[in-house]
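Both complexes shown next keep chain A, but they swap its partner, so chain B is in the first and chain C is in the second.
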Partner chain A sequence: MPVISTRGLTHLYSKGTPFEVAAIKDINIDIETGELVGIIGHTGSGKSTLIQHLNGILKPEQGTVLLEGKDIWESKDSIKAARFKVGLCFQYPEYQLFEETVYKDIAFGPKNMKLDEDEIDRRVHKAADFVGLKEELLQKSPFDLSGGEKRRAAIAGVMAMEPKVLILDEPTAGLDPHGRDRILRLIREYRDNTGSTVLLVSHSMEDIAGLVTKVMVLEKSRVAMYGTVQEVYSRRRELLSMGLDVPQVTRIFAGLRERGLNISGDVFTVEQGRRELLRYLGKGAE
Partner chain B sequence: METVDMDENIISFNHVSFTYESEEKVRVPAVKDVSLNIRKGEFVAVLGHNGSGKSTLAKLTNAILIPDSGTVLVNGMDTSDEDLIYDIRRTAGMVFQNPDNQIVATIVEEDVAFGPENLGVAPAEIRRKVDTALQEVGMYEYRLREPHKLSGGQKQRVAIAGILAMETSCIILDEPTAMLDPRGREEVMKTILRLNKQMGITVLYITHFMDEAVQADRVIVMDYGSIILDGSPREVFSQVERIKSVGLDVPQASELCFLLRGDGVDLPEDVLNAEECISAILTAVKG
Partner chain C sequence: MVKDITIGQFFPGDSILHRLDARMKLVLTFALIVIIFVCKSFFSLGLMSAFVVFLTLISRVPLKTILKSLKPIVFIIIFTAVLNIFYTTGGAVLAHFWIIKITEKGLFTALFMAVRIICLIIVSSLLTYTTTPTRLTDALERLLSPLKILKIEVHTIAMMMTLALRFIPTLIEEIDRIMNAQKARGADWESGSLVSRSKALIPVLIPLFVSSFRRAYELAFAMECRCYRGGKGRTRMKQMKLGWRDFAALAVNSALLAGIVMLNIFFPSVIS
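Coming up: the complex of A and B.
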């Protein structure tokens, strides 16, 4: 059974006015437990609106959001539970750090869940350790941390709630390549260690290529594609028409095939490209 | 040693150092003994990871920061001379990272007029300069809009227009696309390239996006406050190991060729884009 689904999910902005626009239109998705899904689409394609429905920040105007088969808006209790089970980490989450200490900030979510002190303490340490924040930083003010540390503290705050589904909206925005790689690695490890489902909004087809199990492409308020990296990235012409493009290395291998080289076009990361060319040359990577 | 004609250089750093002091009085050197000349009309990208000193370098260029030692000259004007500060900022204008932090007015054209107004330019002249600047960045049709309703890329173009309206000859951009989506990044990059190529405006472009740096005439890589690489994009990105070791990216084409060379495939070192990579691989496998 899918962990999270939507049926006919539609949301309109400025409803009932001449400026009415659909942010998302008739979205029907099924995400299986343990998937690591990359959500791609331009600003305005509906990504943020969709993820805000998945943990009940927005209430559907039409359609339903199902968590483990049950409508999250069924009752007061079910919507409350959904907000703990589906953890959402916003863009630039470090702007939302507000407590006196990093510890209190990470503890904020678990505290709201009314967990006992020992459990909160265990979770704060576990999450901080996981994102690589040293023990001595926990008693510091979040404002004394570096940019990358703040970002990781904010992500730890959501992880400490141990949600079944973790959703991150562009967690690497504004980071340099080193900071970006570190966050992406953390997300992968989190999913591998906990078996949770992770949804990751990204602008980079290159970043998610070697990371995710599924790719969802949103275009003009609808889900245009949902499938494996190979299934989605092989539809380059359609992606281009949406103003998206496949990674440079994928273009290189498509170009080699066009020039008559009998080589696989299913290359989405540099490492895959290296292996494929060595295979072609009969060398094999070590 | 110095053979370049000084008149040609719009920006000159001569043994410049700058150190920040934290609240606990810990001294953190941000720029260490940097010497650098930027010629008029050049498009120079400065690449570096967070904390490499690249933003400090930008701030030293238009007198937001003054060197602890060494000198920075902008069109021959020493940035440590307080009397010259307005002339320096008129010569070298700065665009910052966060598009929301640099808008001062509630209407686009008023925002662009802010600079020339402060310089005491006559109203009719301001009108002309603002219109021209907005046309140059492709935002003329938006001149009566409210800036906060624009996209990130559009806001940055308005910020660039604000600098152009002061008729600066040099624009310094400190990670102007870090907070933008791919479309916004492309808009800003296209605008900058056009200003540089068509109007001859000198560009100092601070970024950690390798794909933007590839489009510059010259790339400077900073690490721990020092310049570690300085050359054409082709020269710089051929140093795959060096660049990756300081936490930066190279184009996938360059990285692929680098890895395959390590596997014994005969490929050139200076592959920069997909087309060159395809040709190089075809040559290698057929040869």
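Coming up: the complex of A and C.
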């Protein structure tokens, strides 16, 4: 059974005014447990609106959101439970930090779950350790941290709730390449270690190519494609018409293939490219 | 919920009211507010209401939007109406039970007051609906410029107002965002006692203050980078010019005032 599904999910903004626009239209998705899904789409394609429905921040205009087969809007309790089961980390999450210390800020979510002190303490340390925040940073003010540390502290705040589904909206926006790689690696490890489902919103085809198990492409408020990296990235022509493109390395290999080299066109990361080139040159992998 | 606030909301359009010079509009709005209080009889108030309806029609702002601006003051209207019904006495007694007496005059006064307040609100919201905040503060700056003689920094005040108005939607958006982020972490300000509810606002207010200060610094920096030095020697991209429309509006307004004074004199009301 899929952990999260939506049926006919539709949401309108500024309903009943001249500015009315459909942010998402008739979305039907099924996401299986343990999947790491990359959600990609142009600005305004409805990515953020979609994910805000999955934990009940936004109430659907039409349609339903099913969490483990149950409608999250069934009752007041079910919606509260959904907020904890589906952890949502917004874009630029460092702007949500508010407590006196990093420790207290990470503990905010677990505290709202009404867990006991020991459990909260365990979770805070685990989450902080996981995102690589050193013990001594926990007693500092979150406003004294560096940009990258703030971002990781905020992500830890969501991870500490130990949600079954973790959703991150552009977690690497505005970070330097080093910070970006670190966050992406973290997300991968988190999913591998905990077996939870992770949804990652991104606009970088490069970022998600080597990371995710499935790719969802949103265009004009609808799901245009949903499948494995290979399935989606091989439809380059369609992606281009949506203003998206496959990673640079894929383009290079496609180009080599067109020029008659007996080389695979299914290369999505630099690492895959390296192996494919070595294979082609007859040296085998490593 | 926070998105319902309509202060200073501009409704894009191209009507005659939209095209009037902001200074003239500002002056005429003040004049209209005074004229509303000049109305002393039902006939003059009737003329005034008709004029307000006329303005609404030519502004081409949908009725729904206008009614939205009335929503927050419905309570005040009802409250003053009820007070007037019970406290004004005179004329024939319409209903009498225990110590409460409803008289003809009370009822009329209540109605009169309600219509007056509604006219007031509609006239002032028409100003903000048909004028962008920037033009409004520009107009205010020009109109207040004589105060410079008294060493009042008119330009700075107008700039502050422009910025404040400019940042209302930004801050509302920001509040929405922070609230959502904290809601996702299980924050709850919809249940519990008043104390716990106000405590639950701390996670929203602190990030809001932090980001407001950040924005203020960034903005000041950006303005300085573009050599902003206050109002001295500053010229305008959009020069304000009074045209025939503005004088026509002035004429219509004067005619209205004359009409209302006449009605006040020749058709005095049954009440007051």
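Just so we're on the same page, the second predicted complex is superposed on the first by the 286 of 286 C-alpha atoms of A that agree within 3 Å, B and C clash if a C-alpha of one lies under 4 Å from a C-alpha of the other, contacts with A are read in each partner's own complex, and residues count from 1 in each chain.
One rule holds in what follows: contacts are C-beta pairs under 8 Å (C-beta built on N, C-alpha and C of every residue); 3 or more make two chains touch, one makes a residue touch a chain.
Being a predicted model, the structure only gives us computed values, none of them experimental.
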(request) Applying the touch criterion given at the start, work out whether A:Tyr13 contacts chain B, chain C, both or neither, answering first, second, both or neither. (result) neither
(request) Specify the partner with more touching residues on chain A, choosing between chain B and chain C. (result) B
(message) Just to be sure I read the superposition right, which of the two partners does A:Lys80 touch: chain B = first, chain C = second, or both, or neither?
(response) second
(message) Taking the superposition on A as described, I'd like to know which of chain B and chain C A:Gln248 touches: first, second, both or neither.
(response) first
(message) Contact-wise, after the overlay, does A:Leu281 reach chain B, chain C, both or neither (first, second, both, neither)?
(response) first
(message) Counting contacts the way the document defines them, which residues of chain A are shared by the two interfaces, the one with chain B and the one with chain C?
(response) none
(request) Using the touch definition up top, name the residues of chain B that touch chain A in the complex. (result) 49-51, 97, 151, 178-179, 181-184, 208, 210, 247-249, 251-253, 255-256, 259-260, 263-265, 273-275, 277-278, 281-282, 285
(request) Under the touch definition given earlier, write down the residues of chain A that touch chain C in their complex. (result) 16, 52, 55, 57, 80, 83-84, 87-90, 93, 95-98, 108-109, 112-113, 143, 157-158, 161
(request) Show which residues of chain C lie in contact with chain A when the two form their complex. (result) 64, 177-178, 180-188, 202-203, 206-207, 210-211
(message) Using the touch definition from the top, list the residues of chain A that touch chain B in their complex.
(response) 42-43, 146-148, 173-179, 203-204, 206, 243, 247-249, 251-252, 255-256, 259, 261, 270-271, 273-274, 277-278, 280-281, 283, 285-286
